[in-house]
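Each chain carries a letter (A, B, C and D) given by its place in the written order, and its residues are counted from 1.
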Amino acid sequence: MSRVRLGMVGGGQGAFIGAVHRIAARIDGKFELVAGALSSNPERAAASAAELGIAADRSYASYEEMAKAEAARPDGIEAVAIVTPNHMHAGPAIAFLNAGINVICDKPLAATAEDAAAIKDAVAKSKARFILTHNYTGYPLIRQAREMVARGDLGKIRIVQAEYAQDWLTEAADPSNKQAEWRTDPAKAGGGAIGDIGTHAFNLLSFVTGLKTEALLAELHSMVDGRRVDDNAHIMLRFEGGARGMLWASQVAVGKENGLSLRIYGDKGGIEWNQENPNVMTFAKFGEPKQLITRGGAGLGGGAGNWTRIPPGHPEGYLEGFANIYNDAADLIRGSGDGALLPDITSGLDGMWFISACQESSKANGAWVKKT
Amino acid sequence: MSRVRLGMVGGGQGAFIGAVHRIAARIDGKFELVAGALSSNPERAAASAAELGIAADRSYASYEEMAKAEAARPDGIEAVAIVTPNHMHAGPAIAFLNAGINVICDKPLAATAEDAAAIKDAVAKSKARFILTHNYTGYPLIRQAREMVARGDLGKIRIVQAEYAQDWLTEAADPSNKQAEWRTDPAKAGGGAIGDIGTHAFNLLSFVTGLKTEALLAELHSMVDGRRVDDNAHIMLRFEGGARGMLWASQVAVGKENGLSLRIYGDKGGIEWNQENPNVMTFAKFGEPKQLITRGGAGLGGGAGNWTRIPPGHPEGYLEGFANIYNDAADLIRGSGDGALLPDITSGLDGMWFISACQESSKANGAWVKKT
Amino acid sequence: MSRVRLGMVGGGQGAFIGAVHRIAARIDGKFELVAGALSSNPERAAASAAELGIAADRSYASYEEMAKAEAARPDGIEAVAIVTPNHMHAGPAIAFLNAGINVICDKPLAATAEDAAAIKDAVAKSKARFILTHNYTGYPLIRQAREMVARGDLGKIRIVQAEYAQDWLTEAADPSNKQAEWRTDPAKAGGGAIGDIGTHAFNLLSFVTGLKTEALLAELHSMVDGRRVDDNAHIMLRFEGGARGMLWASQVAVGKENGLSLRIYGDKGGIEWNQENPNVMTFAKFGEPKQLITRGGAGLGGGAGNWTRIPPGHPEGYLEGFANIYNDAADLIRGSGDGALLPDITSGLDGMWFISACQESSKANGAWVKKT
Amino acid sequence: MSRVRLGMVGGGQGAFIGAVHRIAARIDGKFELVAGALSSNPERAAASAAELGIAADRSYASYEEMAKAEAARPDGIEAVAIVTPNHMHAGPAIAFLNAGINVICDKPLAATAEDAAAIKDAVAKSKARFILTHNYTGYPLIRQAREMVARGDLGKIRIVQAEYAQDWLTEAADPSNKQAEWRTDPAKAGGGAIGDIGTHAFNLLSFVTGLKTEALLAELHSMVDGRRVDDNAHIMLRFEGGARGMLWASQVAVGKENGLSLRIYGDKGGIEWNQENPNVMTFAKFGEPKQLITRGGAGLGGGAGNWTRIPPGHPEGYLEGFANIYNDAADLIRGSGDGALLPDITSGLDGMWFISACQESSKANGAWVKKT
């Protein structure tokens, strides 16, 4: 199939997640980056575009201009990746959706409920697709785990233990650290650890278990003096059907690099997975020796083998998991896939509820907040 | 030094924890088991005593008789191990304390607050010592961790993540399983997972961090139909000084054998330890590569080396950790140690508060319950 | 910089390593695949080219034709990836070298000593560069290990334990398995486990330690009845300066997926690394706690951070390691790098010596064979 | 049953392995230490005996005196533990065997072939039993592995990879280190790493696989200047039936504490076990997910459950494995067990062959030496 023509908003020189999106889009060769509004700084935008091989006339000064111009071109972009800070998602997302261009947006959905609602409306009115890059759902063993839960390998789910712990904000952030700056600014980020990483963990447990959340209870903290957002969150979850869960998100847990883990226990079996070594997962059937399930490994059938490029024992990582989101997106856009596994606006709104419910519960001294 | 003369109440044939106490008492050769009221069944008591080499005239039909007779002998026992189910701790504990005989009692302290208070009073009035076998505090690396926290290696503690997960009660217990029978009977156990294993986790985190608990919040469950005690407990903790914690205790987490783990994060460092591989612990100083601390291993100085019998790389386990409690007890009784690390009546009362606070909070839909 | 124009010989539909090379070339966006002789089957060649977006007029029926045509075009390819079976390396390698086009060739160098010598001659006469994809040298922590050895962190190297164990050839290969077919045919492969994976392990240990091999001794086996090449190899190594090593290569070690590991011990320190979890390495300084070195992690400085795309804790894998070879190749071709870390003809000839010396030693009942 | 009356030769204050034997003998309560010739230094002998509760009149100045006196007592010892350095095994072993007293002797059998032959003769003539403490065979999972191999779970064994690596002799030994002193003295030890630890690894692989060794080939080294025994040994093994093996023993591998590991691969399955975390073993059946077998864990049946004291998840260690040897010895002596798993004189002679064959092969530049 021909490559999907891709544009990007944000992600200019010095950005982090933009580069990740670009690699993810390149890995399987299904996208071609042809346009961008890579920075609000015109010089940086131009330099970044040149570096990336984007033609000068398709490097735009603003996303509004870009949406308009690209929609008008016969060879205009078919999808746009939005990789700006959270408070700058809604603007471009709505503009491109309105222009009929598919949107691949970084998470969380937005910095405010108002922004989220506006995106929701735009999605409802647009024929274009909206995809949210909860990239961890792209890990093959996560998709395998989802299959195993769905087909009953674990029995009825009882307990979910999720955590996402890092340590990079252990100390007050250096003001020159651009990543830390906006991620610890409530106006730009909307939340701290709960938004930046907690939403990933919440999305991941929902994706794998299929459980519907009934309510949550949270205790948010700012462990570092002067920090204006939470950097540690302790959360309890109640799910429909009686399952119970805990979720811990932290950016001040010294020694944790990117410790996203998921553990699920049903009345027949349990699985445990850790993002830092994502090519292996344990699976215990009650009363039998525990198994080490490997990505694409022996005796699995279906599952993870579908979203993997190389044989078991050849580790894939974060970028390949991210690439699976882009791969599915390309297939969806080209009509060769249904995008059934792709996180979408619903995932995004669930994440927004998660953030606001944590904040509400914590302010109310740990009261349970029901899912809306 | 001469061996400490030891008696035992409970622990007859078929019992589990009694055999563990006996091995723990034997490992370092500082005790001699010479008397017992090993079973309420006279035949089993006699047979058990014979098997253990206890003279027939020192195998008693009841603990009352035993306390009286042993206190009257010039070569009477100097300490008694109480290894009965929880609801049968108070009777013998008080009888031996009143008789001036040192008590080594299994945990938790009791099945009811009334029993606990009665033991407390007896301890206050007795010249004898009361030791509670929160045996996990005997692990060398746990004591090392306590030292490291105390000397500031981790800085100010911010976060404590404790868990104790098993799977042996995943299904409704077989009525013939004696261990399961009393441990799932509220009248005999006093609590389910929170008492049987949760108190261990709570004791352990307090022992290592030295933090004083301010309040807790809990959600208790019985995942198995018809079970009369909790088999899964999700708990949040607030500590004086601002640290926050989570504690998970479960007996229905499929694949978990005896998954007691402790993770502690301060503003300078973090440590992680898991009971199933207790001879290694990770220690991260912020901004430096993580270290693998081994029991008695290179570069530590002091610490774990003091409570270990064999060189690093030669694993010690559960029994040696338990033996460290007995070892300290013998030294205390003989006057060659101060027993400073031994769990005592205070630990026991803290555990009782923990159980009742979890039950109270859970009934109140997760309200915070302050430490008394 | 502009993308390097890349061609490929071999790697048509159904091939394995060709697809890996293409992903590796795409990840960092420095190559553009524009020409190919992808299969000796003309239909498959054309279909494969179309699928990959190669223009029809640059899909060639033979490498000879391709070398000639591309050399003549002003926009001809600047580099060619040779991903054919071993016995088909020499032909295209020499043709492109003679045409002045840089060659990126899969390993081992060739199936015969004659082929290897011919390639060597062509390299000597050509202004183009020859790069051999011993891709495991591209792993960031392997390069970090090399740095650590070079700067003396381990002291004088004493012992090297290398192994590369798989299990995919545990049973007689299915004749329809194209990968297994040529890899177990002595005429096409040149060797069995020693060539396919043993050369990787030998290259890797040489790359990291910088030690010069003095002699080796080998015992080769074919564990599967009827197999015509070795599937298990036990090898001892003597290095200049007195270090000693062992190398185990196997394709019949049940449970091993792609178990390449390297362990190096000097008089001051030791490191251990395993390809299946390549983002972490242990480093022990004698008399200190062992460290967990992570890819780009805390406290390293330089090293692995230079060859990594994402923060520590975000795992990179096999494809990113492979991409580092391509990345360095692009920089070398564009003049922005010196290619100092790239495996070249010398690595290839060392590998050929390794294969033949193992075969010679094994035939001589384990006699030592000196390095030539 | 009544306790077995035990004596000890060697193991006075400051010794290492004597204390280990005593703990091992105590753990299951089947022995009573009642006599000793604990040191050649009379004062240390007396003080050590007093400390251990041995009556003064049964603390002997020499093993000859002890053997004579104890054999004459109606309540004389039934077994003696010999825990002296290697060159002092034969004297007491023969004396006690001749006196009809069972011998539990530390490994290796002796420092010289002459001593070994003399012990062999004494065993042949005595009605008493001779047990060699290759204690690692007492680990429950090692015995489980032996069962699994015997019943064909792995199929026909093809490959055995054994290693025993430590680092405590990385530097020239401190002359005041008593352990290091005799273990690096050829006259007292008979060999270096090959005798002290290599024999353990060789015994272990033989015990588990049941394979008969056909020949070996070795390269021994002294990595530390001035050391008079080998401190690193690389060994290849040929077994009857076609299996092949490697064995690495080292005392200079920085970072290794007590790294004894065993990996066995057959045509149907493979197992891997490491002494430093002895409660878990991996088991791979070809074409199925790998299993984590735990000591006494779910789904095993028989096997390791027979030699374990506490439930899975409660780690046992080195001392409990050692205690299993003593436990079996007590059962053998009391007639309640057949001692079928106990290492005996044959194991000892195999170990002596192993040491001498390694030395002979290494001197002959790595020639194969056939098993006698």
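Convention: contacts are C-beta pairs under 8 Å (C-beta built on N, C-alpha and C of every residue); 3 or more make two chains touch, one makes a residue touch a chain.
Quantities reported herein were computed from a predicted structural model and do not represent experimental measurements.
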| item | value |
| --- | --- |
| Which of A-B and A-D has more C-beta contact pairs | A-B |
| Farthest chain relative to chain C (centres taken as mean CA coordinates) | B |
| Distance from the mean Cα position of chain D to that of chain B, given in whole angstrom | 34 |
| Separation of mean Cα positions, chain D and chain A [Å, integer] | 55 |
| Distance between the centres, which are taken as Cα means, of chain B and chain A, whole angstrom | 43 |
| Set of chain D residues in contact with two or more other chains | 256, 282-284, 286, 290, 294, 297 |
| Of all residues in chain D, those that touch chain B in their complex | 2-3, 16, 19-20, 22-23, 26-29, 52-53, 166, 168, 256-259, 275-279, 294, 297, 309-320 |
| Residues on chain A engaged by chain B in the complex (per definition of touch) | 154, 158-159, 161, 167, 170-171, 217, 219, 221, 223, 232, 234, 236, 238, 242, 244-246, 248, 250, 252-256, 263, 265-272, 282-286, 290, 365-368 |
| Partner chain D, residues of chain A touching it in the complex | 282-284, 286-294, 297-300 |
